[in-house]
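Some structures are shown below for you to check.
Each of the next two complexes has chain A plus one other chain: chain B in the first, chain C in the second.
And now, the complex of A and B:
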């Protein structure tokens, strides 16, 4: 474990999480040694500690699990050492925490506002205790990084896109049809969810977490419940644990089916869209029948799952795995053998493995660029521990690699689903009653379909109140990588590249 | 190529009525389609606008384009420009950061224009409510013709909402 001289307090056994307090020097030493030993920055967040000032916290993923490092900032001290030179994705996270809490990275190069588009005063902080509601201000201009040179011009797109897409702004600097630079401006979907958690009862937070990014509702709800269960010492019944994994894999398959179709369509292959859209609709309908919600919202609750799976529903889920697998295998062959598709996919939107490692590219996009991390394989919870997960990886880093990884992950999820549904333990799906509330820190760390979702939960007032809940979306890292992936590509390939990542605006803006 | 053709002729093709669709849902879908065409006599153009949703509603709007609901076959298309749109389909609690874009999109639409508010969020902010970041709904900003509740509403409810809005357009036209 890096920083063996720190005193680590275990926060959870599975997945393993460790807590430690650091000073400003150790903050940087920890970051450097994590970087040097191949660890990753998962996320950064700040919290208000009242009379004690503030705290900045970093979460790193290492071979020993998740390291949760607290840096106390006493009153009067509003800065901490900048992590962006070591972990580029930290830059935007630090900018966001500055706007939410008023603590800044010392010496940061980029200090432009990120989530605040001028809608709240720059000296007012939503996450400070006792902050009243300020009057909304006028929208502020955002200084994009200019690109100059002969023939360079800008294309501005968004926040309203041409299609059924979440809001965000893209500023392309192009020469002819070649992309020199993309700069994204996000934050349009900022809903103040972090501040809202403080007004939400701990046992109801899973519903809010499940609406941070609708396409990852299972991953978020599970991560939130895991965090709460770690603080309150809730034992989740084995059957509920297995059903949670069934839900997570069904969410993964649903998203991959939708995106594989859309990827075909973005390359002019409407046949692929039609076939995959139909598969996805069948999949969502059975979700509704078996679990009561097409997108599986609110199916995971503190302590377990909301409803048990009926025996006939389990049989239908199993049968659907077989039907879907046969069709996906046929479509995989068609995608692989289609010269027109492969011509668009291959070498397009490339993130090389060294660049991916530098930027911290995560999740399925990371695995398509040689970043072989998957929590289901690295720190497996039941039932993944007994079933094993074959991680899909590729070193191509292009759209083709992300398509391949998605196909492989669908097939692996179908294998896992069959094994889970065939081996579901008997018993209750939630405890008769939750144990008494208690205060403390807890983390939830789940491999969602897009990548790792992490929820940090701090409960106060004997565990009756959420003091701070920070929910991290893998899109924070991958939006940054997307800007690199498009460089040198042609403008018309942007939608295809973007779809191959399919990042969450809402999950990022939060 | 042979694989594609084989799949197309294998009888599982999308243009056929799907086996699960023989029931009431499919009949209603067809009735909605016929009514829409009867009222408009042309394609209905929709500009969808995400005013800060969680993206759940967008997933269900996307589902309308799948072969089961086949929304384009019903004479409804999603358009890129609000200047081509008859109907604004809004999701989300209206974040402050999206308020200007929402108002400008509406202002760019030709009259008569319809507004359908989709999901629980536009009503009052839904689970996100009103805050420093959220307007807490669309009602004080735009005139809404039809509210479609749900989190998110299933595709058939979205279709019903669109039809109800078009029905209002028709009654506005025929009344003196």
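And now, the complex of A and C:
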């Protein structure tokens, strides 16, 4: 563990989380030693501590678990050491925290606004206590980094797209069809969820967390509930723990099936889309029958899960795993043997493993670029600890690698689902009573289908109110990597590369 | 000009206008079925045209008169092209006025108007599409010309009507050069009509579009004309393909009865052709943009091989 001399306080056992207070020097030392020892930056967030000023917090993933480092910023001090040179993804997180709280990274190279499109004043900070409602302002122009040279021109795409997708703006600098640079402009889906948490009761926060990114609602709700249960010191009944894993894997499979079809369609192979869309639809309908919600929203609640799984529903879920597996294997063969499709996938949008490590590429896209991290295998909770998870990795780093990893993860999830449904422990799915309110810090760390979702929860002194809840989406890291993945590719290949990452706008913008 | 010729000519134009959307509907229907979807119905293209003609045409502030003119010019060019392709009868008064070379020129003129109109508004997608359309065009047009020359060498004429008369009504002979030309023509038709694997007519991804990117700024009746022109172009290509490679059944001059007999045969040939196109589109993925020149160069090479085979083997 880096900084062994620091007094680490355990926050949770599984997955292991450690809390420590640092000063500005130790802040940098911790970042450097984490970098040197192969650790990753998970997320950065700031919080307002009232009379004590502000605090900046970094969460690192190391072999020992999650390190949660608090850097207190007393009143009058509004800067902290910049982490972007060590962890490139930190740059945008620091820019966002500056807009939300007014604390800035000292000496940061990029100080352009990120989430704030000019609609709130630069000296008004929504997460400061008592900040009220923002005075409205007009949207401002964003200074994109210009690319100059003979024949270079810009293509602006979005935020409104031709397809029904989330809003985001992409600025391409191209020569002919060749992409020189892509700059993403996000923040169109900023909803002020961090401030909304401050008006939410702790026991209702899982519903809000579950709506940050609809395609990862299970991962977010579980991470929030895990954080709350860590504060409350509540033990989740074994049956509920297993059911949560069932829900998480069903969410993973549904998303992977949708993406695999969409990837075929984006390469002009509509047959793939219709086959996978039907598979996904069957999957979602059974979700609705077995759990009461097609996308599994609000199925995970603090302490356990909302409803128990009926025995006949468990049998149907099991049967569906077999049916889906046979079809996925057939479609996998079709994808692999289709020369035209493979020609589009191979070498397109490559992120090499060294670049991925440098950028902190995470989750599914990271595993396709040799970044072998999967919380289900690295810090397994029950039932993953007894079942074991075979992590799917690839070193290709191209669209083909991301397709392959998706196929392998679907098959692994189907294996896990069969094992889980076959061995569901008996018992209650919620504790008899929830404990009285109490204050404290808690973290939730879950491997969603896109990558690791992290929720940092701080309850106010009376325990009746959320003081700060920071929800981290893996897209924060991967949007940055996407900009590197497209370099040197041609313009018409961008939609395919983008789809192979399939990042969340809402989860990033919050 | 005889009155029957005039009748045959106007009938051919009317037939093209009505059958072209039907052919598109037929292909779309099969594409849906082959992709395990339920189809929108054979008449869907007519419904789309009807809807678009009843909608308001919205023009960008930066649009010049060229932008308004282009749909009519494109539609006119393509309709004229349809008029000189013998589909039912070779008795076409327009045919002597324009031969196969003029036909390629007419289609090229339509392309130029479309590309200019797309660039006229000044959006990134329009220019992108125009650039790509020209990339396809500069290779597809010469390949198409050489394909037509293959047939001209056999028949000794560049007029499509006389080519068909000679091919369909002379003594049956096997022309190996036409086999090469036929494959080349199939490749060119896929590229020229914005079909998979060159372009995807069903895509909504602006960055990958070729043909659709040219139409992004059009709406209402302008879009209707452009869509109709696209199906007419496909119909014209189908007509050329049938005339060159499957000319049997097309009526000779001055025979109204044969013309009526040619109609069901044409329907059958188009139905088979449409099914084949849908099959190709279902089985292929869209290729990378920079593979398109290779694809079209193959077509050109095959067409030239056809010429060589013809000159080696003699008549």
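Here is the rule we go by: the second predicted complex is superposed on the first by the 510 of 510 C-alpha atoms of A that agree within 3 Å, B and C clash if a C-alpha of one lies under 4 Å from a C-alpha of the other, contacts with A are read in each partner's own complex, and residues count from 1 in each chain.
The criterion applied here is as follows: a residue touches a chain if its C-beta (ideal position, glycine included) is under 8 Å from a C-beta of that chain, and two chains touch if they have at least 3 such contacts.
Just so it is clear, the model here is predicted, and its values are computed rather than measured.
In the superposed pair of complexes, A:506 makes contact with chain B only, with no contact to chain C. Of the two partner chains placed around the shared chain by superposition, chain B and chain C are both touched by A:278. By the touch criterion defined above, A:157 reaches chain C but does not reach chain B.
Within the superposed three-chain arrangement, the count of touched residues of chain A is higher for B, of the candidates chain B and chain C. Residue contacts after overlaying the shared chain place A:462 against neither chain B nor chain C. Residue contacts after overlaying the shared chain place A:129 against neither chain B nor chain C.
In the superposed pair of complexes, A:270 makes contact with chain C only, with no contact to chain B. Judged by the touch definition given at the top, the superposed model places A:193 against chain B, while chain C stays out of reach.
In the superposition on chain A, contact of A:491 is made with chain C only, not with chain B.
In the superposition on chain A, the residues of chain A contacted by chain B and by chain C overlap at 162-163, 271, 274-275, 278. Across the complex, chain B is touched by residues 115, 117, 119-120, 126, 133-134, 136, 139, 159-160, 162-167, 187-193, 195-196, 207-208, 211-215, 217, 258, 271, 274-275, 277-278, 280-282, 284-285, 288, 294-295, 297, 330, 333-334, 337, 504-506, 509 of chain A.
If you check the complex, the residues on chain B that touch chain A are 3-4, 7-8, 14, 18, 20, 48-63, 65-68, 78, 80-81, 92-93, 95-98, 100-101, 105, 127-129, 131-134, 151-152, 154.
Those residues of chain C that touch chain A in the shared complex are 31, 34-37, 124-125, 128, 131, 196-197, 200, 202-208, 282, 284-291. Chain A makes touch with chain C in their complex at residues 153-157, 161-163, 176-177, 264, 266-271, 273-275, 278, 338, 340-341, 343-344, 490-495.
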